[in-house]
Amino acid sequence: MSHNIADVQVELKAKKIKPDSPWRSAFRRLFKNKMALAGMIVLTLMFLFSFIGPYFSSHLDAKISVRNANLPPNETHWLGTDKLGRDVLLRTMEAGRVSLLVGIVAASIIVLVGGTLGAIAGYYGRFVDSVIMRLADILYAIPTLPILVALGAILSDLKFPPDKRIYLVMFIVGMIAWMSLSRLVRSQVLSLKEQEFMLANEVLGLRDRRKIFRHLLPNTVPIIIVAATLGVANSILLESTLSFLGLGVVPPTPSWGQMISAANNMIDFQNRPWLWVPPGVCILLTVVSINFIGDGLRDAFDPKQKR
Amino acid sequence: MSSTLVEFRNLKTYFYTEAGVVQAVNDVSFSIRAGETVCIVGESGCGKSITAMSLMRLIASPPGKIVGGEILFEGRDLLKIKESEMRMIRGNEIAMIFQEPMTSLNPVLTVGDQIMEPLIEHTLLSKSEARKKAIQLIEQVGIPRADQIIDSYPHELSGGMRQRIMIAISLSCDPKLLIADEPTTALDVTIQAQILDLLRQLKKDRNMSLMLITHDLGVVAEMADYVVVMYAGKVIEEGPVKEIFKNPRHPYTKGLLLAKPVIGQRKERLFTIPGQVPNPIGLGENCHYSDRCEHAMDICRASQPALQKDGADSKVACWLYEGEGAK
Amino acid sequence: MKQLLIRRLIQSIPTLIGASILVFLVFTLAPGDFVTQMSADANMTQERLDEIRALHGLDQPLYKQYLTWMGNLLTGNFGESVLHRQPVTSVINTFMWNSFLIAIIVLVLQWIIASIVGIMAALRQYSIYDSAVTLIVFMAMSFPSFFLGLLMLKFFAVDYQIFPLGGMRSTGSTLTGWADFWDVMKHLALPVIVLTLLNIGSLTRYFRTNMLEVIRQDYVRTARAKGLKERVVIFKHALRNALLPLITLFALEIPGLFSGAIITERIFNWPGIGRVVLDGIFQRDYPLLMGFTMLLVVLTIVANILADLMYGVADPRVRNR
Amino acid sequence: MSDVILEVKDLKKYFPIRSGVFQRTIGHVKAVDQISFTMKRGETLGLVGESGCGKSTAGRTIIRLYDKTEGHVLYNGRDIHQLPPKELRKLRPKMQYVFQDPFSSLNPRVKVGEAIGEAVVDHGLCSKAEIREKVLEVLNICGLAPYHYDRYPHEFSGGQRQRIGIARALILQPDFIVLDEPVSALDVSIQAQIINLLSDLQQQQNLTYLFISHDLSVVEHICSSVAVMYLGSIVEMASRDELFKNPLHPYTKALLSAVPIPDPTITRERIFLKGDIPSPANPPQGCKFHTRCPVAADRCRTEVPVYREVGPEHHVACHLV
C-alpha cells in the first residue's frame, strides 16, 4: 500500500548510508574541530609523559645524592636536578601522574555528586528541588579559595600521611565545585521534561525507570561529559594552587603545583628557573588542551550553538 | 500594462555548508510590474525566501553568496551597486516584513523608536516630526490609542498588533515595493484575515507593488494578481492568478491544488504527491520534480526543462509542454 | 520590582544562616585553634590554657558558641584577630582597601578590553582575528594564577628590572604626594597585569558568545532591512541586547573587589586583605578568617540580589512585572 | 458494549496564576472551562479554535496527561481521572496521543525501531524476540521502509517523523487516539499523505480520533463532527455538514469566512472580527466573545449563554441563536 516508484528510488539511495547515531555524528564533528584535535594530541602526550615517561628515564632508581644537587640542565639531566639531586625531568613526570589523577578523580566526584543531585532535583522537583538548590546556593555564597585554603590547612593539622592526603585533596576540590554541574543538569532535566517526547512517554505508559535511564539520562550525558572535561581542567588548577601554597599535595608525593612551590625560596626562584618553570608549563599545556577538548565537545554535541 | 519595477534575471544564490553546496536559488527569472501583487508560492526549502533576501541583499555571507544573475530595480542592477547605495534603497524604496512578529521587533526599544528609525535615516524629518508621522502610521495600520502604543514595548502587544507595527515600519518611507515574507503564517486565521485585508487596502491606496511570499494557496488566490510557483530553487510555472488556478500546467502545481482540502469542495480522498522534496545538496541536471512526478519521462530524468512561454502571459518549465512552447 | 526585592531578601536569609553554620563548623571543628598554637610556648601551663579557652568561651557546647558568634556578627562585632591583636573589623578595614585599589583598576581594564576584543571577535567570526582571540582566551583561562605571577615577576622584575620585586612602596620610602603615587603605581603594575590577564579570558568569551547569539536574532535582520547604517544595527540594536545578561555578570564582580587576590598578593608581597587572610590561615587566626569569610558571604548574596534588580531595570520585559 | 467510547462531562482545567512575595495564587487561567461531549466508536471529532482557546489542553486533560480541576472523563464507562496510577498505566495503551512538532516528539538518541517498540515490551504485550517483527509490520503500514528501523530521528524529514509518531501509537492497538495538530507543521503535499494515512488506518482498525486543529479545511475533510472552542469553552458543536453548511454561532461564521479559499473566482462578503483574542488569564464578562462579536447585544455583556441543543446533534452557546 505504501510503496510506489518514487519511494523505491528514495530507498535505494538512502540504503547505502549507514545509520548515523548522534554519538557517532558528534565525534565526527569533534575530530573535524582543529583546536579540539590539537588538544587531544597534547593531552595524550601529557598522559604518556606522566604515566609511561618514568620507565624511559635512566635515573629511575637513582638515590638521593647531594653531590649533584641543583645542577642546571645538562645532557644527562635534561632539566637539571633539584636540591636533593633528583632528576627534575623524572620528578615532573611522576608529579604529572598525581596532578592528572587528582584532576580526574575530583572531576568524577563533581559528576557523581553534582549529576545525581541535579537529576534528582530536576526530576522530582518541588520540595527535594528547593532543598538541593538551597544547599547549592549556600555553597555558592561561600568564597571558594579562602575555604579551600582553610580546609587545606586543617588537613595539615589532622596530620594525614602524605599518600592518604591526596585522596582528601581530591575530595575537597570535588566537594567545592559540584554546584555548577548540579544546576546545569537540573535545568537540562527540567527542559527535557517539557519536551514532547517525554510527554509521549507519559502517554505510552512507560515505567519511571525506563523514562529516567533510557530517555532523560542519555540526553543529559552530553552536558555531563562537557562539564566533567572542564571539571578536570579546573580541578588540576585548584589542586596545583593548593599544593603551591603547601596545603594540597605535600612532599614527598610530587605534584606539579608542589614542585612550583620551590620558587618560594628566593635563590631557587631567581636563578634556578628549571626547578619551577617546566611543571608550570605542564599544567598550562594540560589545562589548555582539556579546555579545548571540552569546548570542542560542547560544539560537537550541540551544533546549533555556533562557537 | 504598467512598467516593470523589478526584474530577476537568472538569479543564483548558493549556500556553502559543511555538508556541501546548497543551490537554494538556482537560475530564477521573473518580474514584478508596478502596482501589481506577485505571489511567490512553494513549499519549505523551495528558495522563495532566499529570493526575497537576495533582492534586499541581506544574504549572510558566509555561508551564503549571490553567485550569478541580475536583479534590476527600475533598470538598476542591485547586485552591482555599492553597499552604501543599497542601504539607501533598503527600508526606503524597498521595504520588507517577516514571518515571526514575536521576534522581529527589538524587545528593549519602544515601538515608536523603531518606527521612527527609517524616517530619521532616510528622510529629513526632525525627531518630533518623525514622532508625529509614526503616530499617523500606527493609526493607518488600524491600531487604536496610537499615542499610547507609540511608547509601549513589543512584549506588551499581541502577535497581530506587532505585525501591524512591522507594516507601519515598512510603510514609513512610502516604498515602491513591499516584500512580505509569509506575513500571516504565524497568525490565527481571524487575525490573518485582518492583516491581509490591511495589506490589500494599503497597496491600493499607495499604488505600491507587493511581493507576497507564502505556502498557502488560499492566500495566493485572495491576494495575487500574478503567481510564481517555485520548487527546489527553480521557477517551474508562472502566470496570472486566474490562469494558474483554472488551468494549471505543471504537474507539481496541479498536485498542490488537488492536495489541499478546500472548504465546501470536500473530496473523499486527497490527491497525494508521493515521496518528499529532494535533498538540496547534489541536485542533478534532471528535472528536480522527476522522482515525484507521475508523468516523468526519460528526458525528465536526463535534463532540466527551460522556463518557456506557454499562453498569453504564462510560463512553464516542463517537458510535457516543451513541444508546444513555440505557440 | 519591589516584590522581587522583598522575595529575594527573604529567600537569602536561609542561605545566609546556612552559610554561617557551615563556615562556623569548618573552623571550630578544625583540630587546632590559636590556643593550641600558644601551647607550643614553654611556660604555658595547662591550667593557663584552659583559662584562656574559658575566657574566649571555647569550652561551651558548639551551638552556644555559634549563637554568641552570630550574635556578635549581627552587632558588627567580628571578634578579635589573634595575630594582629585588634578587632577583626579594623584589620579588614586597613588592608582591604589596598586590595580594592588593585581590584578596581583590574575591573575597569578587564571590562574595557574584554568588551572590545570580544565584540570584534563576534563581528568577524571565522576570521584569523577570531581564532587568535579564541586561542588567547583559552590560554588566559588555563594559566595557573601563581605560575603567571611567578613568570611575570621573574621576567619583569628579576631579569629586566622594569618593575620592583614586590611590596606596595619602595622599602623605607618617605615619598609623599605625586612621587608616592607613582611609586605605588610602579609597584602595582605587575599584579594588575597578572590579574587582568587571568580574568580577561572568560569575560571575552562571554561577550563574544552573547554577541554571536544576538546577531542571529530576527530583529537585527529587521534593523538591516530598514536600511540603517551597520554601525547603528550593531551598537544600537545588537549590543544593547547583548549587554543585558552582562549586567548581572558585572554585579557579581562586586565581592571580588573586596576579597583580595590571595595568590597574587602573596607572590607580589602586596599588603592586601588576601595576603593577611593567607597569613591568618597559616597562623590559624580563626576569628579573622571566620569574620572575613562571612563578610564575603554577605557581599556575594547582596551582589546576587543586586544582579537581579539591575537586570530588571535594564530589561523592559522584566521591569514592570 | 455501547458504541459510546468516550464521554466528557463538565471538564475543567485551570492553571493557577501566582504572584506577590509568597507566590500566592491570585487567579486562574481557565484553559478548559467546562466542556462536555460524547464520542462514538469509529467517529472523528474535530476540536477547532484559534491559539489560546484551550484545545490542546483539553486533549491532554482528556487522556489525563494533565490532571483535571473538575469534571469527569468516562472511557468505556470508567472515569480515568479516578483510576489509581497502576490501573491508569494498564489503560494507557488503549488511549494514545500524536504530537504536533515532529522534531521534539521523538527522543533524538533512541533508534526509531526501539522508540516504536519499547512501550509494547514495557507493557509486556509481547516478548523481546517478537518485537522487531511487530515494529517492522507497523512501519510498513505507516509507509516507512524496514531499513528505517535502525535509523535515528535526525535522519528523517518532518513527514516521516509524523509517520513514526503514528506508528508508535498504533503498535499498542489503541481504540482512541488524540491527534494534536498532527499536520500543521507539514507542507501541503506531505500533509495530504499523512491525512490519507490517518483515514486508511481509521477504516482498517476502527479507530476513534479526537482531531485537534486550527485549520478548518483539514477538519472539514477528515472529521465527522466538529466542536468550535473559544477561550476555553465550546461555543458550537455539530456534525460536519451541519456546521459547515449551517453555522449558527457568530464566531463560527466569522472563522469560516476568514479562511482563505484557493479559488480566485470566489468573491464573498467577509466578516472581520474587531480587535485581538483576549488573554485567557482574564476573559471578558458574560459571553466571552462579546468583545469581538459583530452582533453582540447588551445581554451578551452580562449573561453567560447556555450551551444548549438547537437541532439534531447541533449545540450552540449564544443568546441570539
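By written order: A, B, C and D. Residues from 1 in each chain.
As a convention for this text, a residue touches a chain if its C-beta (ideal position, glycine included) is under 8 Å from a C-beta of that chain, and two chains touch if they have at least 3 such contacts.
For each chain, UniProt lists the protein as follows: A = Binding-protein-dependent transport systems inner membrane component; C = Dipeptide/oligopeptide/nickel ABC transporter permease.
Being a predicted model, the structure only gives us computed values, none of them experimental.
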{"item": "Farthest chain (mean CA position) relative to subunit B", "value": "C"}
{"item": "Result of counting contacting C-beta pairs for C-D and B-C, higher pair", "value": "B-C"}
{"item": "Inter-chain centre distance, subunit A versus subunit B - centres from mean C-alpha coordinates, in Å", "value": "51"}
{"item": "Centroid distance [mean C-alpha coordinates] between subunit D and subunit C, Å", "value": "55"}
{"item": "Where subunit A and subunit D are represented by their mean Cα positions, the distance between them in whole Å", "value": "48"}
{"item": "Numbers and ranges of subunit A residues touching at least 2 other chains", "value": "7"}
{"item": "Residues of subunit B whose C-beta touches two or more other chains", "value": "274, 276"}
{"item": "Touch list for subunit C against partner subunit A, complex", "value": "14-16, 18-19, 22-23, 26-27, 30-32, 125, 131, 134-135, 138-139, 141-147, 150-151, 153-154, 158, 209, 212, 216, 255, 259, 262-263, 266, 277-278, 281-282, 284, 289, 292-293, 296-297, 300-301, 304"}
{"item": "Residue numbers on subunit A that touch subunit D, as the complex places them", "value": "1-3, 7, 11, 14-15, 17, 19-23, 25, 195-197, 199-200, 202-207, 210, 214-215, 218-219"}
{"item": "Contact footprint of subunit B on subunit D as seen in their complex", "value": "50-51, 157, 159-160, 187-193, 195-196, 199, 214, 216-218, 220-221, 244, 254-266, 270, 272-273, 276-277"}
{"item": "Sites on subunit D touched by subunit A in the complex", "value": "60, 63, 65, 88-90, 92-93, 95-97, 99-101, 104-111, 118-119, 122-123, 140-145, 147, 150-152, 154-155, 165, 168, 172, 200"}
{"item": "Residue ranges of subunit B touching subunit D (in the complex, touch as defined)", "value": "43-44, 158, 160-161, 188-194, 196-197, 215-222, 224, 241-242, 245-246, 255-257, 259-264, 266-267, 269-274, 276-277"}
